[in-house]
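To keep things clear, I will list the structure first and then write my remarks on it.
Which chain is which? They are A, B, C and D, in the order written, and residues in each are numbered from 1.
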Amino acid sequence: MSAPSDARLADVGRLVVRCPDRPGIVAVLSRLMADAGANITESQQHSSDPVGGTFTLRLEFVLADLATRRLQLEAALAGLAGEWQFTWRLTEAARKPRLAVFVSTADHVLQELLYRVGSGDLRAEVAAVVSNHLDLEPVARAAGVPFHHVPVTPATKDAAEARALELVGDVDLVVLARYMQIVSADFCSRFPERLINIHHSFLPAFVGANPYRAAHDRGVKLIGATAHYVTAELDAGPIIEQEVARVDHRATVEDMRRIGRYVERQVLAQAVTWHVEDRVIVEGDRTIVFA
Amino acid sequence: MSAPSDARLADVGRLVVRCPDRPGIVAVLSRLMADAGANITESQQHSSDPVGGTFTLRLEFVLADLATRRLQLEAALAGLAGEWQFTWRLTEAARKPRLAVFVSTADHVLQELLYRVGSGDLRAEVAAVVSNHLDLEPVARAAGVPFHHVPVTPATKDAAEARALELVGDVDLVVLARYMQIVSADFCSRFPERLINIHHSFLPAFVGANPYRAAHDRGVKLIGATAHYVTAELDAGPIIEQEVARVDHRATVEDMRRIGRYVERQVLAQAVTWHVEDRVIVEGDRTIVFA
Amino acid sequence: MSAPSDARLADVGRLVVRCPDRPGIVAVLSRLMADAGANITESQQHSSDPVGGTFTLRLEFVLADLATRRLQLEAALAGLAGEWQFTWRLTEAARKPRLAVFVSTADHVLQELLYRVGSGDLRAEVAAVVSNHLDLEPVARAAGVPFHHVPVTPATKDAAEARALELVGDVDLVVLARYMQIVSADFCSRFPERLINIHHSFLPAFVGANPYRAAHDRGVKLIGATAHYVTAELDAGPIIEQEVARVDHRATVEDMRRIGRYVERQVLAQAVTWHVEDRVIVEGDRTIVFA
Amino acid sequence: MSAPSDARLADVGRLVVRCPDRPGIVAVLSRLMADAGANITESQQHSSDPVGGTFTLRLEFVLADLATRRLQLEAALAGLAGEWQFTWRLTEAARKPRLAVFVSTADHVLQELLYRVGSGDLRAEVAAVVSNHLDLEPVARAAGVPFHHVPVTPATKDAAEARALELVGDVDLVVLARYMQIVSADFCSRFPERLINIHHSFLPAFVGANPYRAAHDRGVKLIGATAHYVTAELDAGPIIEQEVARVDHRATVEDMRRIGRYVERQVLAQAVTWHVEDRVIVEGDRTIVFA
């Protein structure tokens, strides 16, 4: 929750380690970090099961001159990885992940992401906005972000996706910010655990199109939004974050859409923030979120 | 929200009127109430659609000597009902509706209902507790409520329902408080809009058995509970109230059950309270709740 | 909650009436509206006390050709006002109130107001942004709103307020959107019940400067924000809306400021929206909010 | 959040360690636990400040035959405590802390504590209920808990406290469950960080008597409750948990009391549960809560 002051951001690192759960792993890793001179400022761990489960550890640490000493730290980790069968991810907090944001015509989620990037609450760089419509070009331009118009029709979908991929180039995360198009399995496979969608219902309720209409017709008293990693199966990927808002019998479908927009932007922005801070780890169909 | 002080409860009435929406209906009804000497202390109304919709009005009023003057008021309403095509329900706040509560082995919802009845927050009388198990007999007995043990097996279901109906006799509302049995369509039809169930998920997600297991496996970040009127289709009746609680990746299925219990008891108690205060009106598959 | 479609917005009116509570007032007013041909689509009322209290009624109605027939409706109201001792306010939903927004250097609340005005969720016009700093001039300019830089020092406060008043001219509502200056009693008196401030705590806790620092030092587990009408006494005016967010022991003062920003913008935008929709009525030190 | 199954509860331990923050402390402690054969199932830590702050660690672990091997573990901890300047608390999850609950006439919080103890959600034993009134004797008796009636008057306060202390004997935690009496500084000093009160407002708003009356008069839109450790200064001790509920202009003081009861019972029960699970650590005027 607490962000280190910018002055020393260059020294801040994050380490995520996963391995079969086994007594002693924390002792080994914390010894390694101590020996490397790293001061651990935040530590969270989770065992999917004390017996035969997977152990996940996330550390935030301060290590003077991290950029230089990073290789040394990675060598130490590599030296132990075999014995303890762990995989790891080491990131420097100073590095801003590059995002590609796919949108359609609704601007609320894009605006929120751009606002949070601008305010520094979301430490990332929006590298490109891609849309099948032109409506949001001014929003992207005003924020100084390249905008790519890639129309999509059922017939041209494959070509459109290929074109979009080419245009966005190398990015760390793709965000579907009310994109309203179902992306292909091939597209998904290019961004494993790096493709986040916002769905405008509390999944698994109201999968698919027009969830507010369906919610209205079912007479629910809470509407919701869900941010999840995208997998080949529609609206079925691992959930990162959900939130709801209360509605009553007076709410029309249009009211639900309006109220829901504020839930959607909050949920997606929160999910993206946790992702870029290496706080989300996929475990099967579920996520671990070290919030 | 505000309850009149008990001193004058005998003078407090509630009127719910429904009719095709048409200009002037409020003027006519409020004139009728004024002429009857009733002082309206709470008024809520809803139009399902300003054009061609249904108009619903709920009034709470004070009328000195209500029990005596009730017939006069009903005659006045009857005199207008034809012309304005309205139906109405008039209740005296002093009269406590009689509830039959069906349970299985889990006590949390029953305890909550009994607590709220005892504290006066829920103005009703629990006329009987019915269960297919003996576990909760002591809970009912401690509250001075008759307990009926009616075992159910697939083969004896019809007979068991008939026996239960006989035992509970004439009640205003049947509450399925984690009863864990699917009641028959015939049973439902005997209590139209007077049979409330608590389902341990935020419907329409996780219909049917074992919703916490399903919620866990889907990796949701919010679990919920839904109180709804029971209709012949499982978990599909009009929703009265829903609420959710946050869970994280650490929550096991058992944790979800534990956390969920506190949501379930709150949601069902709220729904029953609104129902007995004539605040809930069914409109097709949805409810109007004048909270 | 439900907004009429724009097509007929010109026919939508709102009426707020206040008078000593007395049986028959609703009948009289609803008869008047029916005779005028108005179809009431939303109606809410409140009695501060059934005996000797104040009765408040808010109606939303559709009246074909409202702009033309408004005078006639007002004449009818005036004809009854004496007998029933009521005051009233009649507004046309189509007319957008003009707001002046006072800011300092923080942009989050201003951005939110501008976003909601742009999206149509807040039906108002931002007539001017006034600031004692230059930081937010680009934000106002990007939205096409006049920006006035009016520096304030303790010595020049009176002159600065006078200058600001001159610059903003005739507005319906003044919004202090994290203005960070205490406005004078004289300034307050020029905008009775038309001057809204956002305070970054759940009042009455943490009145005055640096509430997040104070909240941190007190070790609260919830931080909040409060939108209220401004009166001569600091942070003591009638509260319109409040909301809170959960924090834990990890949250620094800076974290609280960051988290709090999202609460502040939500609370102020909600309060301003309710105000411009004539949903807020001041009653002594408190507000009635017909949400 | 996750409770181990009862089958192995006897093997579950909890360790809380506090010391000046210093690189390597986690490595040392996790090595010690690994060498002792303990499998850490939950671990949370907090640094009040990476430089010169206090480090706090809470571990939950499984160690076969804990009761027997506990001394060995404590010896190992004692061997390191000097070098690392740490203090520690080691508890066996199987041992149920003994609570004394002080009440007045309101039963809702007591009922909730008894319910949660009975259901096993709160692993503790209510050793005694003490009251200055007789109203709740039946509630205590029904739960099989000794009830002590200790009347208090301003003149007899010291003697009454002495009598109460004598009657409750040796307990782990004293809970003031709407006791409505201000306990003496001497009483507080006998239960340092082991005396929890529920105050019926979101502190620091509405310190002292009649907070719902004060909340009503101030016109707040949220009412709240706060569980905190009691110190000599009234309502000023470290806050453990807070929650709020929404109210509107219709809510009378009595409505607020009624709604508030459900917030109070939830907040106090949560705070007591966290306390008995060794999740709350006092740090100056604030608490760390490893929820």
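FYI, a residue touches a chain if its C-beta (ideal position, glycine included) is under 8 Å from a C-beta of that chain, and two chains touch if they have at least 3 such contacts.
Heads up on the chains, UniProt names are A, B, C, D = Formyltetrahydrofolate deformylase.
Keep in mind that what you see is a predicted model, and the values were worked out from it rather than measured.
Student: Tell me whether chain C and chain D, two copies of the same sequence, contact each other through the same residue numbers or different ones, using over half shared as the line for same.
Tutor: Mostly same residues: over half of the interface numbers shared.
Student: Could you work out which chain's C-alpha centre is the most distant one from the centre of chain A?
Tutor: B
Student: Could you give the separation in Å between the centres of chain B and chain D, each centre being the mean of its C-alpha atoms?
Tutor: It comes to 36 Å between the two C-alpha centres.
Student: Using mean CA coordinates as chain centres, what's the gap between chain C and chain D in Å?
Tutor: Those two chain centres are 41 Å apart.
Student: In chain D, what residues contact two or more other chains?
Tutor: 248, 250
Student: In the complex formed with chain B, which residues of chain C make contact?
Tutor: Per the touch definition, chain C meets chain B at residues 23-24, 26-27, 30-31, 33-34, 37-41, 43-45, 47, 50, 62.
Student: Which residues of chain B touch chain D in their complex?
Tutor: Against chain D, the touching part of chain B is residues 1-3, 42, 107-108, 111, 115, 119, 121, 142, 247-248, 250-252, 254-255, 258, 261-262, 266.
Student: Give every residue of chain B touching chain A within the complex, in rising order.
Tutor: Answer in residue numbers: 46, 202-206, 217-222, 224, 238-244, 248-250, 283, 285-289, 291.
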